[in-house]
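Chain lettering (A, B, C, D, E and F) follows the sequence in which the chains are written, and residue indices restart at 1 in each chain.
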Amino acid sequence: MAEAKPEKLLVDGRRLDGRRPDELRPLRIKAGILKRADGSAYIELGKNKILAAVYGPKEMHPRHLQQADVAVLRCRYNMAPFSVEERKRPGPDRRSMEISKVIREALEPVLFLHLYPRAVIDVFIEILQADAGTRTAGITAASVALADAGVPMRDLVAGISVGKVDGTVVLDLMKEEDQWGEADMPVAVMPRRKCITLLQMDGNFTPQEFRQALDLAFKGVEQIYEAQKEALKEKYLPSLEEGR
Amino acid sequence: MAEAKPEKLLVDGRRLDGRRPDELRPLRIKAGILKRADGSAYIELGKNKILAAVYGPKEMHPRHLQQADVAVLRCRYNMAPFSVEERKRPGPDRRSMEISKVIREALEPVLFLHLYPRAVIDVFIEILQADAGTRTAGITAASVALADAGVPMRDLVAGISVGKVDGTVVLDLMKEEDQWGEADMPVAVMPRRKCITLLQMDGNFTPQEFRQALDLAFKGVEQIYEAQKEALKEKYLPSLEEGR
Amino acid sequence: MAEAKPEKLLVDGRRLDGRRPDELRPLRIKAGILKRADGSAYIELGKNKILAAVYGPKEMHPRHLQQADVAVLRCRYNMAPFSVEERKRPGPDRRSMEISKVIREALEPVLFLHLYPRAVIDVFIEILQADAGTRTAGITAASVALADAGVPMRDLVAGISVGKVDGTVVLDLMKEEDQWGEADMPVAVMPRRKCITLLQMDGNFTPQEFRQALDLAFKGVEQIYEAQKEALKEKYLPSLEEGR
Amino acid sequence: MKELIASVKKEYLVDLAMQGKRVDGRALDQYREVSIERGVIGTAQGSALVKLGNTQVMVGVKLEKGEPFPDTPTSGILVVNAELLPLASPTFEPGPPNENAIELARVVDRTIRESQMIDLEKLCIKEGEEVWAVFIDIYVLDHDGNLIDASVLASVAALYDVKPPAVEGWTLPEFPLRAKPVAVTVVKLNGVMMVDAGLEEENTADVRLTISTLENGNICAMQKGGSGFFQREELEKAYELARKCGEELRKKL
Amino acid sequence: MKELIASVKKEYLVDLAMQGKRVDGRALDQYREVSIERGVIGTAQGSALVKLGNTQVMVGVKLEKGEPFPDTPTSGILVVNAELLPLASPTFEPGPPNENAIELARVVDRTIRESQMIDLEKLCIKEGEEVWAVFIDIYVLDHDGNLIDASVLASVAALYDVKPPAVEGWTLPEFPLRAKPVAVTVVKLNGVMMVDAGLEEENTADVRLTISTLENGNICAMQKGGSGFFQREELEKAYELARKCGEELRKKL
Amino acid sequence: MKELIASVKKEYLVDLAMQGKRVDGRALDQYREVSIERGVIGTAQGSALVKLGNTQVMVGVKLEKGEPFPDTPTSGILVVNAELLPLASPTFEPGPPNENAIELARVVDRTIRESQMIDLEKLCIKEGEEVWAVFIDIYVLDHDGNLIDASVLASVAALYDVKPPAVEGWTLPEFPLRAKPVAVTVVKLNGVMMVDAGLEEENTADVRLTISTLENGNICAMQKGGSGFFQREELEKAYELARKCGEELRKKL
């Protein structure tokens, strides 16, 4: 299924799908779509289709995993076998274990874990269809799911990837750009406080490009934050209005 | 080792081994043949050679697996590496995990698990030589082993497979019939109460054939039940008579 | 990387590396070379490079593994992926699991495990470079590491391998002798009490050769014991002398 | 797959059942609202999202070239895998498939395989060397009861959603399908039989029987589950429910 | 493999041993009743069921074609696997082989391999490409002590039970065997050495030594086990027991 | 990788940091003593032992022939594996790599891979069939903080230690290397940024950022770790530290 690399990823300032360098792909977020989970969210970003669910805070079992003074946050990022071109064998691999860790560390800063000693909060992120940027889109969905579950938060977390293609710094890499581009930098941000809670990078950035990339990331995060708030409003406003 | 399919599985109303459609293979059951186990039984049905052993009721460890109001029944169906034509890799596979589950659910209805809160009863079934119908023969042996262990029971459980070969519903499929036949339906029954505790099927049955198959199964189970009682008598009668 | 077997392993009473049959390879032991471990030692014997570390006695977790009246000794013998010609896959295999067991049983006789009920002592042996005789050199290092950790001991344990090459019983097999020789017998001994705490053998020994091999082993162990004591002196004498 | 539910709730469900009623007002032989959405996953060759009430099951079908099994050198390969995702229920835990996930996958596998709905012989590329492998991945997203029926529905719908020209190396005119098996699971509450149990009904029942049928009413797979038992005549009744409800469900495929 | 036994029982066994006696009346150098049944499993190429008193070990031998190891391109393959089945003892648990099962398999492996009883060079079919693999599966059915000796006996008996013409593709006139190694395990109770320990003796002893010998009295494998130790002169004594009892056992093969 | 340390100790470290001081007298931008020993393992094609103060990391590089990945048929293979050996810390446990070991290996992998220091295209032997695989095994021997920087240093040093003629089948004039990436990890204690955290500093800090740079100051890999966060301007500062300290470290390679 390996496709050939296109000659250029950027033609006349337009990307393969017609976007400008600083443009997000089409974004859609929906809160609260699962019945059993305490909180849930669904996100589509370009061709990414991702489901996030939250259980807890609830008592941690088995007990020896409890922390006496704080709740434990557990995250599991997982790809469906059918989410990528070549079927992925079910179960965790090294990539998904690392991603689960950085996602957890991206969400921890906004949670008041000290409010729930001995408890656990579980965050599950399922990639149903993958098109680059799944970890950051997963964070975006997970923080909506946490809010939907009623878990108190300092701020939301919004994630986006920035990168470099054909020498230009661009926002929100799609699959082809991720595959053939020169750099990829996933970023997660607390949108109100402007704090960076996830930062990874591979490829080649000059210091100047690094700064540009951060600028773009902050710009993208603002739009994502709006979509997050919209999704929560969409779910809760009707019931709030009913309540009047 | 794959053998060619014979032209016919049924010639003049006789099967490959000379049996009529409603005939069992030669059956032999022996109770109490292991020293360490609390109860045990050995069964030969055709070329099947199967050993079953029971440990318990005993305290469940680790404790967090205990059930406060009931004993836990655990079953493990396992095939010896040398029990089949091509050596089987040791350890559980998906097939044996499913079979272990349906065997457990076939035995549970006859046990008084509420008598032993926090306890566990372990049933181990080892297939030493396999010739089709191992799960049902395993149930037959396991229920004798449970009786041998002195576990109180509402009834025994007797298992047998029925199927369809060359369009005819037949009792107790042998390996060739299982491989090339048109349907296989393992059944387990509480012989005195006529209750069905295991029922699986794959292949193709008309509703009428399904009914016929059930009739045959009940007929086969009666003979198996006699052999089960005989085996228990054989072990316990001598000591009972000594006791006089 | 398979090399051809040399025509002879013993020429004019000299071995491939010039040693006589009853000679050890160059030996160097150093105690206390790791900061975090409670005790540690490093050994070079020929081309073997081995690190041993000890943690404990400390409380055993999880608790259900505690023994009410005695400390548990755990040993883990492990080969680095780069320690052998062909890269070894990380993680335990059947060989290392067996070796870990016999090493534990070689060390247990010198420890006062009854002094530390509910505790655990962990011994880790890492083979950084392998050249035959790793299990016995590992025991030699481990017992120095135990002493370095301050664990009370009845005696040290010194290990060495003896074997047979070209019909002659020889001390301390090197890799080529292990590979092409006719017998290999790892031995571990409490040097002061002359008790044998590890004995394995494979190959072919006449009863007479077996006796000769034991003689050689006891002879080799004496030299190893001296090197062990030297290593401990080297580490502790300076501080003892300071203390005067 | 059992969850603890309050005994007072159980008693209420049993009482209702004895009167032929159910907690959500359905008839004993009535399914919850059935929704089948096809083509939901672009990276799969075929896909479907099935909802039975709040239960949601997604299935993706992937086609890949592979080696045939030595004993069936001219036959394609069918692999069915089920994941009880931890996001679907507080009782599902991460890790390799447990016995419930394995049973679910194997009952779906038997239903598909024994119905012969896929003409596996047509999926041979080169005898003994290369065949098409059909991977059916069942992804349980929200567990509100009756996963088997939902999984069979989603698997069959996803298979019928396969558009073969999209697969590299594909030469057949179409994906070779020839039947529409449907599974109907009947549970028993204190002797009362009902179909499409919701989660609480499922947890109150002590036994279930799944019967997979074909267009002509023939049975291609069965599976009893749970620690209870059936009387002979209850099996007849279960078959009637399976035939009748199966026909209804098949119309939606 | 240690089980807890009451300390009063242990003291009794030790007292008996000090007087040269054993709980079941045997002499210190005497085996329990030895029974060897061959050809018990039709699906195996060779098989045997060995009983040492109440200890029961079954071994099945399977022959299959396989690839040789790169460093021994002209040599057949020997694989020994041991399963301490949970039905054989309350202390055996389901799961992959633990260190006791692995040690058992490896001691049997070394005994068979180092005795050179199988002429592995004859099991080469095509150099570097195809050889016969010999799988020895040890199945412990009832554990009443001394599993090593029983397993070696059953393995050697099962190998001699192999009837090669029954194997597809086999061309040699016979299965190439040329020795009968026998393992004798000696345990030490408070300094007293005895063979064929029953379970309680085994659990009372703090150390054991297995010595595998050949027809000519040569040693082909040894293994010390347990947390105790041996004096030099005890090894001499152990060898004498192994030679003498080994000869007796070999007669039954 | 967090260990519990007494809160009074934490407070002391934070107080020091606020005054621009550290517990061992170093400056905030100062590494502990760096020692790099090459060629320590004869069975590896390249090896190095790196010490950062008491932290010790050994790396062995092995070259083996292997099959290329289908999507990069002309490219050699790079495999990085890290073992947090239980002898290196009371908090490391035996078993398969946990998330900390995997993260460590993957950050080293990205640094090596994205710097393009190994010319993988030159490691192709036969397109689509055979290429050289480069195995980098990171062996953490003593954990006193800052394992990432030590592991990158040891890996790069070990790669430069590779003497290709020693490898069977090798035909290139040399092992094709072309860059020296260096990782610098910055931790933040109550807003104060410092490099090369010792264990206690590491356990007191709530966040770290690793920046791997090339000779020209470009960045080839980054990784944030820990449950804290960074402000935008702190990233600028971290980059400056990475560039400056990276240059110093590179001189030792």
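Some points to look at:
Just so we're on the same page, contacts are C-beta pairs under 8 Å (C-beta built on N, C-alpha and C of every residue); 3 or more make two chains touch, one makes a residue touch a chain.
Remember, it's a predicted structure, so these values are computed and weren't measured experimentally.
When subunit E is fitted to subunit F on its Cα atoms, the angle of the rotation, on a 0 to 180 scale and to the nearest 5, is 120 degrees. Inter-chain spacing, taken between the CA centroids of subunit A and subunit C, is 51 Å.
Chain centres here are Cα means. That of subunit A falls 58 Å from that of subunit E.
Taking each chain's centre as the average of its CA atoms, subunit A and subunit D sit 32 Å apart. The distance from the centre of subunit D to the centre of subunit E, each centre being the mean of the chain's C-alpha atoms, comes to 49 Å.
Shared interface positions of subunit D, defined as residues touching 2 or more other chains, are 97.
Multi-chain contact residues of subunit B, defined as those touching 2 or more other chains: none present. With chains as nodes and touching pairs as edges, the resulting graph is a single ring in which every chain has exactly two contacts.
One full turn of the ring, starting with subunit B and passing subunit E second, gives B, E, C, F, A, D. Of all the residues in subunit E, the ones that touch subunit C in their complex are 70-71, 97, 99, 102-103, 105-106, 110, 113-114, 209, 214, 217-232, 235-236, 239, 243. Taken in their complex, subunit E has these residues touching subunit B: 40-44, 47, 54, 56, 58, 60-62, 64, 81, 83, 85-90, 94, 96-97, 135, 137, 139, 141-144, 168. Taken together, the subunit B residues at the contact with subunit D in this complex read 2, 94-95, 97-98, 100-102, 104-105, 108-109, 185, 190, 194-207, 210-211, 214, 218.
Within the complex, the subunit B residues that touch subunit E are 1, 34-37, 40, 47, 49, 51-53, 55, 58, 76, 78, 80-87, 90-92, 122, 124, 126, 128-130.
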